[in-house]
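Shared between the two complexes below is chain A, which pairs with chain B and chain C, respectively.
Up next is the complex of A and B:
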């Protein structure tokens, strides 16, 4: 099966595939180190860790972006600015002072520089730094201390104070800082109206002491990228600026940064409201290589455009169809309002609850129908229309349920796939560690590097498949819709085949799991290539046919 | 009922508050755990708030107090008038009012910096009471916040869950 390599739309796909070649696949984004399969250290310089200002990834629509996580961002963006000031123009300032100034000035190093040379004292005052006196922050252990905030009498405790000398116990400072972190801004002395700012290093020290003494922890905050203030500040920044978007994957602390004129690109994205040009969907990735849409912040939902996704999600949430279903099948009893479902054809109904006998067609007391049907027939036409309306809503419900069921099934299957793959990951890792411990080395990274690629293909294939049901639900009837359904079937089959191989590997009936992996190497490789190319074929086909007006979304649905 | 983690501090605050040393402020009731208080506030010599009017403030101490500020709001308090002459007379139930103020919504919620971004663990119930009393004392406008109608329609029960945009502080 040939793949249309020249298609610019999929440049990002290949781009990522390249990135991933030697790198590891991380299925659980729980911060597990991603050196699985790295037996020989051959993937020590994976391309995805090389992040520089000049090398941005290219997503769909030529969207330029950086894939980040919080630690990488602090390291490469924030601390780089600090470095520049500390080792260049502002060598007179301490790291603590520089960090506070940068944070107060929103990490605009130029502003820090300008304000510093403009009026150093004014800048220091605005930053809550001592002016005219040296910084005299103290964190010390003292005996017989009563803390004003918690009112505890300590025989011995650490106390903290800033240059102002307002002293409180370390526990109070710890909970105060922990609480204030949510705001992401600089944190000042506990004393009301005291403006002195707590420096980064002090936060690290306070946290380390409390963690050690109160929580028996031995972990200390080793590096700057783990500093609670920097992390909180970074998160607040990502939340507040339009050029950053968090990765929507569960438990992922990755995000993407749009490069270039963000206002323009964000504008152009949202202006494409009901556009059918799915090459405009800005697919980006986080540091963990989770694909997501920068516009609507859902996972990669191709072949659907964002507005269809929003419509679909809303529909699924609204539950309005269930209400229609009840309407189509039941009426309330005209006397006691309890729900009655009609199964047979007879319109003479008796309420099970209150025994009221009534006519299903006109809702009138059945007694009135004994002699003449005038009152009932009189409304018959209207009632017929009502029945027709109900049939229509019933049909639309059945149609929706058909697509929704498949959408939901694949969503669940994605979770099932993830579970199987996590098992394989653990299993393989343990197996390799075992070999290494025994001094044997008969399986290397090269032998199983196809595995992460296959897993990624399965996840992405299943995801695309899932979204084809949303796509198909809104699709207007045409010959090309039939072709689309054909592509959908193709993809469906290969995805299930690939999924099955993984399941067989982990099956209880199969004791030699690694042997099975190696035995199925070619099969897994071929199937994952097939999944990728069928997925691309489906999305490319959908894009082209939407472009040419051969496929369209039915507004009536 | 479990004790509040900062029970010692609450006890200390309670002891000083129950001695009623703040003019115009009276502790009306509190629970055993010292987490729910009702205070009565009286404003003297003010042309907007008559001397006979009693306002009631409910203060609920959250689990994270004093790191987290308490939930504070004016309430409509029903008190039985016990000044009756003979025991057979009908009980007169008096309902207190929510003071009219440009920072106090008609549902009793108060827009005050101290109850939001200005709160620190070194602030106390007493600082809240004093600052609300002074907020009433210095007021000269008999009006509700401009967004009162829309606010009370959508306001959460707990005022702490509202994100107030602090009105200008000069009122």
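Up next is the complex of A and C:
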């Protein structure tokens, strides 16, 4: 907390002064190392496994998909095909030969089989495999060798050659292969007109030896799923096919395979331009449980259709210059005018200077919110009648800022929630260890599972809420739009309530975090249920009303 | 790591080899990554008698990635940009292998001059000229060679009087015809270049083409 004397200070909801993430979207990306808090572990709720022959996962919107990462994909999809051929129909071929043939034929095992029995020699030639002679690839250590490519004179080195006998040093082969990997295709002998293909296992051997001798490392490639050639080939394949899409989250190695929708085939999923049918928005998750839209590569943006999202993002990018950022992200305290930036947590603010309590959304006294109804979400255009024409452009900006501000608030709060979660995680771990040291077993693993569930509900609730502001911005005026806003208020209130419970738990004033968590157990459970049901009600209501033409998007905006 | 030794060895080999007619020079004695290559225009082509200069940048991954080459001498050739000198040649892109060398690449460039591939052009305007009027193309290419690649004056404008119409292989008669109508010479050449008109020889409907050129010129000179 900043205590300096300047007029302007920033109020942080949390004690830690972490840098704010500048990226415009945050993915709920905390599942990775968490054993205890499987926060986004929606997959654990679904009985389907990740093996392709079994049922696909069902996403937030009835989308059928498989979550993958490269290793799982190689293991379950590609190596399974190899197994099938190696142990069934093509036992005469070696693993190396089969892998090359599968790669050349785009992993279509039927094609490999057909071509093999059609004309074995032709297939072998097309794959760069030796015809009529045995494979004579050699990787050996020799003395006093001058490599033609790198012009080094080695007193002792490994050299590699394929059946053709063109020999080069292992370092050159390592560099050559590393460079060729980007193409994703089979790699042939260095010699320009020589078409012999380097087998997968030789790549593993070459990489292992070079890593060991040059980089002082131990053997790094342990299994086929880590084979650089196979990984590069897989990535190239994922890039080239429309049914796969990489997870857009930063540094995520996961991707999703789209299968279809519970009601439709995969073809009907690419939503028609300006369609209002949000039941077709293909929401999927990757293997790391990052939720994203398969069509537009953003996070789960329900209840908005993709084209509205694109329009909104474009508008936000166009308009979000510094002035707008300051306008939307900071605000003077309604009483003492100190500039305040909110970086997470609930909307019940207390000014650090004058101790005035207010609502971050409407900037009214918080006391006014004490009655049940939370009504600061509605956009009121009272002044519109007075100066309608004169203020038209100003109002359009104001209207946009009204929604953008709320959109941004929830986006920031989501980031704040992630921090809260990390902290809660730490406290609970400490407490658990403490108990274990004392030999007590008061707190069991299952007892705290309500916590990640609540956190997940909070995150998803906020995410949906965030996008309802984008939705509401483009929404045409109607009675149903008013009802939508009412439902939005309900969700907002519940999300804020839930957020406030977390806030209390994390408050500095309360040293016994775990006790507080346990005390609020029922409250957290009930509130997360409520958030989930209200979120679903809002989205389902929007879907039904869009379908029936009761809600529509105003093209003028 | 292997790059330095390899380039040094290539330079040394090239120095000792007087047969190939290819010369490699370092731009700066302390920098092995920026070189200039020189070779003679192959005999029996419009490039005969010229000496062509190629700028060579060696990437970090050399010899596993191809060297970046472009002509610094202006040259009129379908696979070489007449403006930037960029080269369209497979061995300098996908077909590169570490077995190839700077010398062999320059020799490949030399043979590219001998056998252009107008169907896979870098410079569309030149390629069109080549395909529609080979004699006219050769005349222009020879003119460019004389103008830019002559060894005596290092390819600078000098003893040779520059003719802007010959530079683009355009019949001087046409340019004169429109000049006499009062159109500026440079605009006329620009329009004719854009329309790909080199001469009226072999044109079926001459008045129609003249009208089209006039129309374009009027637009241009508005």
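Just so it is clear, the second predicted complex is superposed on the first by the 360 of 557 C-alpha atoms of A that agree within 3 Å, B and C clash if a C-alpha of one lies under 4 Å from a C-alpha of the other, contacts with A are read in each partner's own complex, and residues count from 1 in each chain.
Just so we're on the same page, a contact is a pair of C-beta atoms (placed from the backbone, for glycine too) under 8 Å apart; a residue touches a chain by one contact, two chains touch by 3 or more.
Every value quoted in this text rests on a predicted model; they were computed, and no experiment measured them.
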Task = Determine, under the contact definition given at the top, whether A:229 touches first (chain B), second (chain C), both, or neither.
result = neither
### Query
Now for A:491: first (chain B), second (chain C), both, or neither, which partner does it touch?
neither
Review point. First (chain B), second (chain C), both or neither: which does A:171 touch?
Key: second
Notebook entry, point to check: In the superposed arrangement, which partner chain does A:93 touch: chain B (first), chain C (second), both, or neither?
Noted result: neither
Requested in this report: Answer with first, second, both or neither: which of chain B and chain C does A:527 touch in the superposed model?
Outcome: neither
Q: Please work out whether A:191 is in contact with chain B alone, chain C alone, both, or neither, and reply first, second, both or neither.
A: both
Dual-contact residues of chain A, meaning touching chain B and chain C, are 148-152, 172, 175-176, 178-179, 190-192
Seen from chain A, its contact residues with chain B in the complex are 148-152, 168, 172, 175-176, 178-179, 183, 190-192
The answer for chain C against chain A in the complex is residues 2, 5-6, 8-9, 61, 63-65, 95, 97-100
Listed in rising order, the residues of chain B that touch chain A in the complex are 6, 8-9, 11-12, 64, 66-68, 117-118, 120-123, 127
Chain A contacts chain C in the complex at 148-152, 171-172, 175-176, 178-179, 190-192
